[in-house]
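Same chain, two partners: chain A is paired with chain B first, then with chain C.
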Partner chain A sequence: MELSRLVWRNLARRKLRTSLTVASLVVAFFLLCTLRSLVTTLQAGADSASASRLIVQSAVSLFVDLPQSYQTKIAGVEGVERMSKWQWFGGYYQETENRFAQFAVDPEETLAIYPEMQIVEGSAEAFYANRRGILIGEGLVDQYGWKLGQRVPILGELFPHPDGPEAAWEFEVAAIYRPTQRNFDSKMMLFHWDYLEESVKASSGEAPGVGTYVLKLAQGVDPTAVMARVDALFENGPQRVQATSESEFQKQFVTMFGNVPFFVSTIGGGVLIAILLAVVNTMLMAGREQTHDIGILKALGFTDGDVVQVLAQQSLLICVLGGVIGLSLAKLAEPGIAEAVGSVFGGYHVEQSTMLFGAALAVGLGVFAGFAPAWRAARLQTVDALSSKE
Partner chain B sequence: MNQGIDLKGVTKTYVRGGETLIVLDGLDLSMDAGRFYALMGPSGSGKTTLLNLVGALDSSDSGDVIVGGEDLARLDRGELSDWRAANVGFVFQGFNLIPVLSALENVSLPLALTSLSRKQRRERAAYALELVGLSDRMHHRPRQLSGGQEQRCAIARAVVTDPAFILADEPTGDLDRDSAEQVLELLRRLNKDLGKTILMVTHDPHAAESAERIVQLDKGRLLGVTDRAGAHA
Partner chain C sequence: MKLVPLTYNLRSLLVRRGPTILTILGIAATVATVAGVLALQQGFASLYAETGRADLAVVLRPGATAEGVSAFSREGAARIVKGTPEFAEGPDGQPLASMECFLAVRRFRVDGGETNVPLRGVQPATFALRGDEVRISEGRNLVPGADEVIVGRAITDRIRECGLGDVLTINVTPFNVVGIFECDGPFSSEIWGDFDRMLSALERFGPNRVIARLRPDADVDALDKRLRASPETAAAVQTERAYLSGQTEFLSKLLIRLGSFLGIVMGIAAVFTATNAMLSAIAARTYEIGILSATGFRPFAIFLSFLFEALLLGLVGGVVGALLVLPLNGLETGTTNFETFTEVAFGFRITPTVLQTAIVFSLALGVLGGTLPAWRAARLKPTEALRRQ
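Entry: the complex of A and B
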């Protein structure tokens, strides 16, 4: 069809401009897709959180520790089946860039509370038996090449080694887990609470505080009632606590530095508006340049609808091309991005709904951007268009 | 009814800078089908406006424009487009070829409005280009053609749908003498051999000699219609 050929040739008429417009669309759709995937990953993480787990933290802040003495009291609350202390260790491996989540936990309790950690190398028993043993995720094996039995030195920043800040804590890989859920962090290192406590006591004389208590509820128990009971237990101090569902805790953790979904959506919206204006501008320029050709088409007998089609198709092609490339790149970059943001956005994944949303957006953008020049072209009088010098 | 061109009391005005200009002033003119007419007159006499009205590129303020038996005022925008595609071929002074398409693609463009297959359209466009002597230039873009070749390509495009009317606005205005002569010869052949009704706007008395009848306009009014010998027709 001659008109389709005309559409392609018109796009090639200003190769640099068309290429730059497509390139800007590629960047915009890549960003949109990636940003939306961050939001959906957060949401998916919260959605996949277990309803039978509660997190107990200080009512003041996550950065304020709770006394160890609370463990016995909380364990006695009706509905609590199991519980573990968790403390963020905050160290790094060899270089300061090599940071990942390290927690001191009660090993047996933790593995019972988190069935999502499927041990694929070593064994739970080996982990329990070795005081310096660590349970690591496969993500760390992939990243650092650690093997079962390997000694792993970690430099503690929050908890310096009793021999001094230059000395590393020595751990040994006792077991490796594979997450059975996509959104479960595959780059955690868990080690014995007792090892942390002994070492900290040896240097400071005081037992370390507890970052959070993770509770596993008995089957059929109402989580809200347990939360209320736990909160009530420490209402009069010495330190008040806040018990939340795991899902709520995860959302709070990620949004500690602000409303991430809102922030990310705002950036995405800004990117979209900026690119929309750029594409509309490009299409208006293209439409003006083609005014004379539009006059020729109309003189030959092509209808207003035909010329609308020619201009709208150009806009649509540019947007769809940019959209397809941008979305494809976002999908291709998925493993890399997942690796880079895995510590905060565990299980980063570009969902099919995001791809479909992006594709619909590309078509919508194409139609919208092509509307103004197409409308103008349809209204042009043939004689005026033919006498145009543009 | 004459199946040629009939204009009855046609008036056309333009408003420029707040001033109303009367371009055609109650024009009555009748032109026979199958003849070659040259439309002459000084600048601003209304020649191109008349051509645009006959080709349905523009509409009159009042009066009737009946071309090939069709009263153009009765047709809406879409119907006028269809009518133009079926009945009129245009040849412009500035050639008006689409620069991003080859000669063959330009010529086959009007055929996209017909029910012909892609192959048939190509064959017919190639044949039209052969008729105007451009077989060896059919894959060239307009900028790769000389002015005379561009105009011959435009003529091929004008005739490819086999319209009854060829409307030419200063078709030799931008051409050298030899190219102009080739274009005029083509128009004469279209009239004689294929029976096309040709209406050609020109300033050039030599070009006007190619026509059977010369229509003289001045200030939007008809001065007269003469034959080549100057006798009133």
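Entry: the complex of A and C
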């Protein structure tokens, strides 16, 4: 009881130092938590995948389209229940910074394949009926403030408008979806394949290729068998395909980052070392200043264990306080950071495991930093400690 | 005004060895982290910017920001190659211009995982244009019209099927790897094959871009303006240097932003730590400060003395931090350049800019961390300071 008061008193004795130490810990924990969240966000992309969906893409390149003639062949494969064409539109809204995912799809098939999209405004029927209608995620509503029925002009980079590259494609918001799963992209814009095809044909005379075919498998079908059957269809060309599970498909974008997750973790290591040194330094200073007090405690008959506790608890308190504030800040800053890094780290999110990791780190750091001065204090002879001037 | 001798600070730092070393290492870790990120950015930016040539023209479809999204019909490209007087001529009287096709193809890394490797179909003129820039270091060059490829040095060990003698299958066509080439620029992460063979293997019909050597007196802007307005084949022209530096913007900006963000945030923590260390140093030396002022040193001299001590801590920390990142120099790594969506291999580069930034940064940390404690020391009254034990 008296000991814990002593801990508080000691911390309060050097208010400036205690607050500076806590402040640098706050900064460090904020940074560590944010960096780790960037890594987990990168790796979490594959989590929203469903096992009953397959993606068929070109085996040659991410940027090669498949012929539309493949559709009937793939549809005939045993085990395929529904399928939709998908094409990445690659446009932007007003400014080039405003890029987000736009896809041309077969509307009815796509909504049947993705039950994760729950329509909260407008209706599926309105989307089906309107040739220029789009289905957008709530994330886009939050970002650009689009409303139901609003006209949305999108400038196409990959698919210039038939009237010329400066003309925008006109779309109309027909329905808004809310993802029922956390990792499902809430910033997609889906529009009618027919609208794309008609416009592309008008300008170039050729039908657009298909980026990917998304398949929904019938219940109880073995996905690996279907993949093998689809791959075998086009084994000898003209364009080889690669059928993958949805999670494999999403992972390919994660591996593109190469060593980036490793770098981010290394930076985190640098932060950790810097902060470790700082806290140990502070605690050693505190320990040295309290040498005289330690002598008094020992002379009064307190055990070495008590003395160790006084110092170790100070360290622990500082670290836990800094950790809690830093982690809370990282959590509070989540929406802001998500917005700032959204273009690269889509769906930025601080995971529970990161918070736990941070908390464990705070405790570990506190124990470690308290160890050196506490050990020194325990070894001190009472007489030497009392005669210390500091 | 009489200044406090600098040896006083040096000795004080030496006497309090433990805290001094810990403070220096703390600053060093901060400086090293920031310098490491900056070194990465420098390596990446120099890979593109320093290798792009000003005497080469890159011709793309208007509106295309990268060659991957640019496309020409074969006839259109041939018209540009033949009909542009600004292009220089080779010894054979033919224009020094080449059609190239480009595609980022799926490949597997040796250590697992898929990535996108740039595949370029080139005409013989490409080698004439580049001259010494592209050197075959192992094996031989590809023969025009044959199913052969040469692979850049930077990826030969990173990507599967890219070693000399391997067979690399593109769609359904097998190509023999007959040579390894060296190149200082981003090309060393590419696979090169014959233009026509690549087009047929990829089931494509036209090139992505045209490159050409410019005549020394050519006006690129005027050429760009004229070709953009061309009714048959509209095209945009820029120098290779301008084109390549545009390719790095996104990742370069991202790395600089990351570096500055880390610098500010970690810097704040480091300043706090330095302040703590100096405060503690001053608290332990209150008596000495009393003697200093009693023997006639002005408060400002005492302020300067302690500020110098903090500056010294920062500087040594900065030097140690810079030394810590030096071994990174040249270390190769790879990531995707999101401008082109392809894998690029590049190294950390500890340039003078990196070292300069590290030192300035560490001095700033010292000054910011030392000001408050030094001011406090200067304000101590001699009588009070002397009385304190």
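Heads up, the rule we're going with is that the second predicted complex is superposed on the first by the 323 of 390 C-alpha atoms of A that agree within 3 Å, B and C clash if a C-alpha of one lies under 4 Å from a C-alpha of the other, contacts with A are read in each partner's own complex, and residues count from 1 in each chain.
As a working rule, a contact is a pair of C-beta atoms (placed from the backbone, for glycine too) under 8 Å apart; a residue touches a chain by one contact, two chains touch by 3 or more.
No experiment lies behind these values; they were computed from the predicted model shown.
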Which superposed partner A:180 touches (first chain B, second chain C, both, neither): neither
Contacts of A:94 with chain B and chain C, given as first, second, both or neither: neither
Comparing the two partners chain B and chain C, which touches a greater set of residues in chain A: C
Partner chain in contact with A:383 - chain B first, chain C second, else both or neither: first
Chain B versus chain C as contact partner of A:60, first or second or both or neither: second
Chain A positions touched by chain B in one structure and by chain C in the second: none
Residue ranges of chain C in contact with chain A within the complex: 18-19, 22-23, 25-26, 29-30, 32-33, 36-37, 40, 62-63, 65, 68-69, 103-106, 109, 113-116, 170-172, 202-203, 254, 262, 265-266, 268-270, 272-273, 275-277, 279-280, 283-284, 333-336, 338, 341, 343, 389
List of chain A residues in touch with chain C within their complex: 16-17, 20-21, 23-25, 27-28, 30-31, 59-64, 157-158, 160, 165, 236-240, 242, 252, 255-260, 263, 266-267, 270-271, 273-275, 277-278, 280-282, 284-285, 288-289, 344, 389-390
Contact footprint of chain A on chain B as seen in their complex: 52, 55, 57-58, 77-78, 81-86, 90, 92, 96-101, 105, 108-113, 118, 121, 157
Contacting residues of chain A [partner chain B, same complex]: 1-3, 5-6, 9-10, 12-13, 292-293, 295-305, 381-383, 386
